[in-house]
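Have a look at the structure below before the remarks.
Labels A, B and C are assigned to the chains in the order they are written; within every chain, residues are numbered from 1.
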Amino acid sequence: MPSGKSSLSVSVSASAEAVIRCEQVVREYTVGESRVAAVRGIDLAIARGEFVAITGPSGCGKSTLLHLLGAIDVPSQGRVLIEGRDTATLSDREATAFRLRRIGFVFQRFYLMPMLSAQENVELPLAEAGLPPAARRARAAELLGYVGLGDRRSHRPTQLSGGEQQRVAIARALANAPALVLADEPTGELDVATGERLLELFAQLHADGTTLVFVTHDARVADSASRVVRLLDGRVQQDSAAGMMPDTA
Amino acid sequence: MPLITGMRGTLALATLRRHPARTALAILGIAVAAALLLDMVMLATGMRESFRSLLLTRGYQLRVSPKGTLPFDSEATIDGASAIVSALRANPEILAVSPSLGTTLAMPGSALPSVFTLGLEPDVQGDYALDTGDDLPVPQQATPDDQPLPAVVNRSFLLRTGRRLGDTLTVSAGLDAQLRTAARSRRVQLRGEARFFYVPEETPVLALPLAEVRRLLGPTYRDRMSLAMAGTRRGDSAAVESVRRWIAETQPRVTAISTETAIRQVEERLSYFRQLAFVLGAISLGIGFLLVATLVTLSVNERRGEIAVLRAIGTPRTGVLQQVLLEGLGLSLCGIVGGLGLGLLTARWLNGILRDFPGLPAAFNFFVWSPQAAWQSLLLLLVSGTAAGLLPAWRAASTPIAHTLREDAIG
Amino acid sequence: MGWGRRGVLATLIVWPATGLSAQAADTIRASTYGRRPPAVRGIAIDTRMAEDLGLAPGARVRLSAAPGDSGEMVEVAAIVERRADPAEVARREYRVRTHLDHLQGLLGLDDRVDRFAIGVRSGTAVDSAVARINHAAFGFRAHPSRAVAVESSRTFQVVERFHRAIGFITVVASAVFLLCLLLLSIEERKRDIAALRLMGLSRRTVVRALVLEAALVALLGCVLGAGIGTVASWLVNAHFQSLYRTPLLFALLTPGIFLFATGTSLLLGVAAGAVAAWRLVRTPPLTLMGR
């Protein structure tokens, strides 16, 4: 754990209830003149406080599934229920507000605003949620402290290493105390050592009660998760929660 | 909401600072467009306002000239001037009448062979403002022939003749080239130097009492005038128009022109510049619009991934729209501020070029600062520049999040 | 003497002789009974006046020196096209030409004129003629026609200078716009440029390709601009010729102007492309890729 970190004041009640439920979810796209099914009938339930790794070869529909779980995308068939709400019934405004307050995203490429400091990047969703400047500054500082970057608040992303940038992205994802953190290949752009340090942070988040869903082809990330769901050709091939050993190959 | 705008403003500003050279170039382009627009607005309104203030310098709202002519547009004169002037002065709606007679007098033995001469009544004249020396006295009776006539001249006269105030010289009229004589001559003394409002600065002018000019020109001009200026008691346009109509009805041998009519007729003559101003102004608006639209569009295209992430983490469409519009607004605002200074400088330069027109009254300007017109036009450019960011802003706000993230991951 | 040699400018009152001809003619015949009646003098009017008042050669009008005077009957002998003189383009008054002695008689000017126009014999120096005349002149001065032309052309010169100034400002604005656009469009393709560099293409090759592209864009834009300019000049001429009722040409796209515009555009385009390209090739390809 990075030194100097403080506990995160996020209230998450540990419960076995399903935070996310997928019911026969299908997602198809039109590519040129043909129809491609990236996800073909997935049933999945993720409980509050779980740490789930979604793995599989390239093109198996991992990222598509993550986008569906994050209300960024809507299924062609079936339902995705997040905290009981069907994402397909949400208007764009409702889905956006939902993502702002209930879901945190971490991307492979970090996607920090290069012109803003680390502090300002973390403040972005807080400002969107309507927090006054003083309150959001304090909250952003607390979050950056939590991820071990308390002394790098005023640095721009170009002045931070890859690992540090990803930590800032994690702090941003946690800004509004989301029920769920979704990460798409969070260690994909990082070296092994940095990736391992990041996994420690994720473990801390999980220990603090955050529900984590990762998409990864990194075996180390999959190993650190409490549950592994393996996809193949848009379907669930294996699910360690069903009692089967995860295939981390 | 101000919190959100503050963060979005910060983001918009940071986006513009991201590529300083590009942003600086765009601001420079908008500044040039703003300067050109400001200059064209000053040109379009300036001629009108300059001419209006020129005509109203001494408060005379009406000009009475020979039938069918504009004031001093020809050498025609009005006969029976005294009767016309008396009739005008008898009208209670008319406050003052200033008759004048323009002619050319010879100056034998002078470096300047002839001079444009104005015969005026000093107590009501509205043709000049005295700078130095003494004004023409209000004559109680004709100046004896053995005494020099008092005269007021302009700077150009003094320079061209090499004379100074206090000097005397001879003016003549009725020259006979064969007999090489002048029918009538008088000595004049240069008493004062003045600025003549309606005469070009480079034209030497000599002002004498009206009665004396008539005597010099001979019996035919005993009761003639070139023009009379009339000031109405009430200055509103309805009262002026009422008096103008009365003159037209009662004095068939003259044409009465109000300031507004004179302005319209001069505008007609100078309509080329107004239309040029309109066309160039429209072009500069278009340039400003295109520049902002192009820059914002390219900026949005570059940042599609970032914009998709902003949407993913919870920024609503209106938030993205607002942020991108703020970028356009910021560019336009900075450009306009720069354009204001640049525009005033170029206006001075262009005005100096056009002021070289021959025969232009000394007090006339083409480019005149009119605060209302200027701010209106710059506001129009600001709105136009902001609107230019509307389409790219809408496209940015409509970014399909998942599709863009996928594409960006591949790219 | 002819129409144009000696001129007297004056304002004449002209009114059509509608409804007066029979009685007026009788009156004239009566006053001159027994003597040879005076011939009706002819005048020339300009096309504008002819169009507006519906006058044709042969029409009779009354000409007088002052409003209200009876004047005399004259006949429209000719209709004259006004000169394409920019100095007179905005002037709306009608122009009437008469024989010199006719106008002198009308105005009671006796033997007066405003000016003479003098043609010297071939071989005679104009300047020495002017000097001799001025030496003997009383109450008038002689000027060489070229001096008068210079003075009267000041209007054109001012307009020309103004147009040049506007043109200069427009060129500056266009240059900035062009530079901005090229910079943006080339920067948008920085990844493509980075890929080319990584493949092994030299900086020089990349810059040359981009400059050539910029030059082509400038050239195409120029051709398009010439087309637009030609159409615009037709419209400008049609509009102002109609507005001012003059045959004067207000806008003219000459080969020289086209060459100047093409040259300037090419120069600006090449310069802008070179600046933009060189900025990019100086940056390491991986940085351009975003690594």
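Descriptive notes on the structure:
Please note the rule applied: a contact is a pair of C-beta atoms (placed from the backbone, for glycine too) under 8 Å apart; a residue touches a chain by one contact, two chains touch by 3 or more.
Quick caveat: nothing in here was measured; it's all calculated off a predicted structure.
The chains other than subunit B, kept where they are, group by touching as follows: A | C. By number of C-beta pairs in contact, chains B-C lead all other pairings.
For subunit C, the chain with the farthest CA centroid is A.
Subunit B and subunit C have centres, each the mean of its CA atoms, that are 23 Å apart. Centre to centre, using the average C-alpha position, subunit A and subunit C are separated by 73 Å.
One finds 67 Å separating the Cα centroids of subunit A and subunit B.
Touching two or more other chains at once is no residue of subunit C. Multi-chain contact residues of subunit B (touching two or more other chains) are absent. Residues 19, 21-22, 25-26, 28-29, 32-33, 35-36, 66-69, 73-76, 79, 106, 113, 175-177, 180, 182, 220, 252-253, 268-272, 276, 280, 283-284, 287, 290-291, 294-295, 298, 301-302, 346, 349-350, 353-354, 356-358, 411 of subunit B are the ones touching subunit C in the complex. Within the complex, the subunit B residues that touch subunit A are 3-4, 6-7, 10-11, 14-15, 17-18, 305-306, 309-317, 319, 401-402, 405-406, 408-409.
For subunit A in complex with subunit B, the residues that touch the partner chain are 63-64, 67, 70, 72-73, 92-93, 96-97, 99-101, 104-105, 107-109, 111, 113-116, 120, 123-125, 127-133, 136, 172-173, 176. Listing the residues of subunit C that touch subunit B in their complex gives 9-11, 13, 66-68, 90-93, 108, 137-141, 151, 154-155, 157-158, 161-162, 165-166, 169-170, 172-173, 176-177, 179-181, 183-185, 187-188, 191, 240, 243, 250, 279.
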